[in-house]
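In what follows, chain A forms one complex with chain B and a second complex with chain C.
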Partner chain A sequence: MQGIEVLFMGNNMLRLLDGLWVTLRLSLISIGLSLVIGIFVGAFMLVKNPVVKAICRVYIEIVRIMPQLVWLFIIFFGITKLTGINLNGETAAVIMLTIWGASEVGDLVRAAFSAIPKHQFESGLSLGLKKVQLYAYIIFPQAIRGLVPDIINLSTRMIKTTALVSLIGVTEVLKVGKQIIDANRFEYPNAALWVYAAIFMMYFLICFPLSLLSRKLTKKRGE
Partner chain B sequence: MDWSFIQKFTPMYVEAAVLTVTIGVIGILLAIALGLLCALVKYYKIPVARQIVAVYIELSRNTPLIVQLFFLYFGLPKAGILLSSEACGVIGLAFLGGSYMAESFLSGLKSVGKIQLESAESLGLRRGQVMRYIVIPQAASVSVPALAANVIFLLKETSVFSAVSLADLMYVAKDLIGMYYNTGEALTMLVAAYLVIILPISIVFSLLERRMRRAGN
Partner chain C sequence: MTMTEQTEHIIEINHLVKRFGDNVILNDLTLNVSKGEVVVLIGPSGCGKSTLLRCLNGLEPIQGGSVTLHGEPVEHGKPSLYNVRQKIGMVFQSYDLFPHMTVLKNITLSPLKVQNRSKEEVTEKAMELLKRVGLEDKANSYPSELSGGQKQRVAIVRSLIMNPDIMLLDEITAALDPEMVHEVLNVVLGLADSGTTMMIVTHEMAFAEAVADRIIFLDGGVIVEEGAPAEFFHHPKTERAQRFLKTFTYSR
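Showing the complex of A and B:
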């Protein structure tokens, strides 16, 4: 059972944290892009035009029906084969996470705006507010308050999904962990236990506070 | 599209799909059992067990399945616990799914108002009867859609099993891509296989959800 020292030997811990930063960087870039694109997807879904609506619905459902890992394979192997463009693992990961994240954000945005009762719009207009004022002072503040906890929740899901990218050869925290285990195979045969336990805790320490925050905001929204 | 390639390797995909579904179903059933247990512990506020369940739920919900599987498959043998790939898949899925199922069960149980419980009790119903005639019928309309969503989520998560060398659909696809470079065909068959598994379930569940919602109102 011994071997926990392996985590603190040399610069092993630093290397793991470096790997974790790769994971987080990919997640953060993807979350940012998803938010920007997802807001447009959500806006398109609220448009009255049934064709635009249907296209968005189909996009969301197609993304949702497949496991994220399948999408990652399609993008990483498929696009290269189809177009000859050689994507590196990190780019493929960001593309996959963004396509998926944007569809989820879009659906959340749609839900947040649809949840605002019609009388809010009507009361605002009957008070003589202009369209811009109506949205700036009445609709957006309510929609955003509803949206933030769900977006935080989605972010934890995206961070967890980023763990998949080790399977297409991105050197993130899981891959670094494997390297450390392999490098210490003889001196510390039990390294795998501690390294994977450490990575488990790293993910937990990142996602748990976010989950708590999301839950707290959701409760606040309910009052 | 090379049809002879597709024909030749379809049996491999079928075999892998059967394995994916088998392990998925066993894992999901265990997850439902574990989830129900955890939900009841939380619902009846059983001391000590309640804290353990709370810690378990947070650990399970805030870590990715692939890390859980790596710990089970590569880590635990170092502590003397050797698990096969299949066992890891089932345990991992149950560990992950249990917490999601627990939350779905609990949200249903909690949706039944206190007034209902008190009324039932004052009518002279016993604890078991309250559960059976009052709580479960009402909780189901809240829980079932959430449970169904979890089932689909867990089925999709099974795609990670290849990482612990389980010969599932992803594993076969990656193998074929590596061996023959027939990327297009291998990926098309992969997508088709997952569609065959997930699409019917997803359609059935959305019909079920619609009916449940009508029953709930």
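Showing the complex of A and C:
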């Protein structure tokens, strides 16, 4: 009686891969939305207006100090309680991940632009470049080089955080694994080890290449 | 260099006032630079030398007076500034090459995009200038692969290729090792020989004496003394200049 057999029984492997697809889908949608919204948050943070800046700062800090799980529960249960609108689990998950991701992207965008020395602007201007040219040729390329590795790192963190959404009943890969384990609890008591190992490998195969890519890009940036 | 009335003024500074808040940096300063002239600004730190150069390039708003280049006003924040700046080359202490571009790209960016010159002509000119400063083999290197002195020479070339009417050099050797100071200043001496109009802020007194046609000694935002280098360095007239120059000599 080996637990590993559980993985290949019936359509268990397919179900796990289905779950993995849910994980990936949630991650990709959330990362995409976070990037779009986060760029605006970052742009607002670079605005000189102190009120706009303060609002962004408060948003980022509040999102940061609260565990993502709390946000997930607030959105999934809280909104329903307050408004009666019944969000499905995946929607709530995407909202939570996006609120969090956008705040992180916003802060990364702000940091990437603030890290460009003032003299880069001045030497560009003193060469006669117009504002648009200055940003297009000098500022944006440098900011993006700084940003890409950090965004990739954030993406791996977001992928891992999707595991939380199993707690509001979304059947992503971890939830599927649990179902398989529970169904085989008596015949294969050590199935948990193998199922979780398989899930670990799945996360690893997605996140590790991203992590390598980010490291490579960081090195390149060091120039 | 003669300073007769007939010589063409490249830059005219009239009653320039620059304040940061209540702090007066430049106080009613008037100064002209003629074509082909090399003017060296010296003075204690905080005397306004660098701020003056920045005002000449419109990097700082001014609170009074005017700066003109060939009669065209240099005004911070005005659209006309973009045209005026093409005629003013400026090199900073921190070189500020663009780290994501090769040396050649750094040099050719502005002539290609701002002046819309042809790629062949600009590349050829860039290589010629790089050769002149001894860096033709570095055209395809990135700034991170260069030493400080090499970076600064590239920064000089990057300004020169725009064919500016005047070069402003703001303490361009302050961040360099002594040996690199030498290689950079030799390039500047070469420019002076070929008739480039320059305004130079420096703390290298021996270099100032060698390169300058005229020394301007600034303190407290005003011109305290000006004159030919030999006269200024060996027979300073004002007590303030004498005191300043004493800080460069040692005895026990």
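We adopt the following convention: the second predicted complex is superposed on the first by the 220 of 223 C-alpha atoms of A that agree within 3 Å, B and C clash if a C-alpha of one lies under 4 Å from a C-alpha of the other, contacts with A are read in each partner's own complex, and residues count from 1 in each chain.
Please note the rule applied: a residue touches a chain if its C-beta (ideal position, glycine included) is under 8 Å from a C-beta of that chain, and two chains touch if they have at least 3 such contacts.
None of these values were measured; they are calculated from a predicted model.
Partners chain B and chain C, once the complexes are superposed on chain A, both fit on it without clashing. When the shared chain is aligned, chain C comes close enough to touch A:K130, but chain B does not. Comparing chain B with chain C, more residues of chain A are touched by B. The superposed model places chain B and chain C at 90 degrees from each other around the C-alpha centre of chain A, with the value given to the nearest 10. Within the superposed three-chain model, A:I74 lies in touch with chain B and out of touch with chain C [touch as defined at top]. In the superposition on chain A, A:G32 makes contact with neither chain B nor chain C. Once the two complexes are laid over each other on the shared chain, residue contacts for A:Q120 go to chain C alone; chain B is not touched.
Once chain A of one complex is fitted onto chain A of the other, the partner contacts of A:P141 are limited to chain C, with no touch recorded for chain B.
Once the two complexes are laid over each other on the shared chain, residue contacts for A:G169 go to neither chain B nor chain C. Here's the short version: in the overlay, chain B gets within 19 Å of chain C at its closest Cα pair.
By the touch criterion given at the top, residues 57, 59, 82-83, 85-86, 88-90, 92, 94, 96, 98-100, 109-110, 113-115, 142-144, 155, 158-159, 162 of chain C touch chain A in their complex. Per the touch definition, chain A reaches chain B in the complex via residues 1, 3, 65-70, 73-74, 77-78, 80-82, 156, 160-161, 163-164, 166-167, 174, 177, 181, 189-197, 199-200, 203-204, 207-208, 211.
Every residue of chain A that touches chain C in the complex is listed here, in rising order: 117, 119-120, 122-130, 133, 137-138, 141-142, 145, 222-223.
For chain B in complex with chain A, the touching residues are 58-59, 61-64, 66-68, 70-71, 74-79, 156-160, 162-163, 170, 173-174, 177, 183-184, 187, 190-191, 194-195, 198-199, 202.
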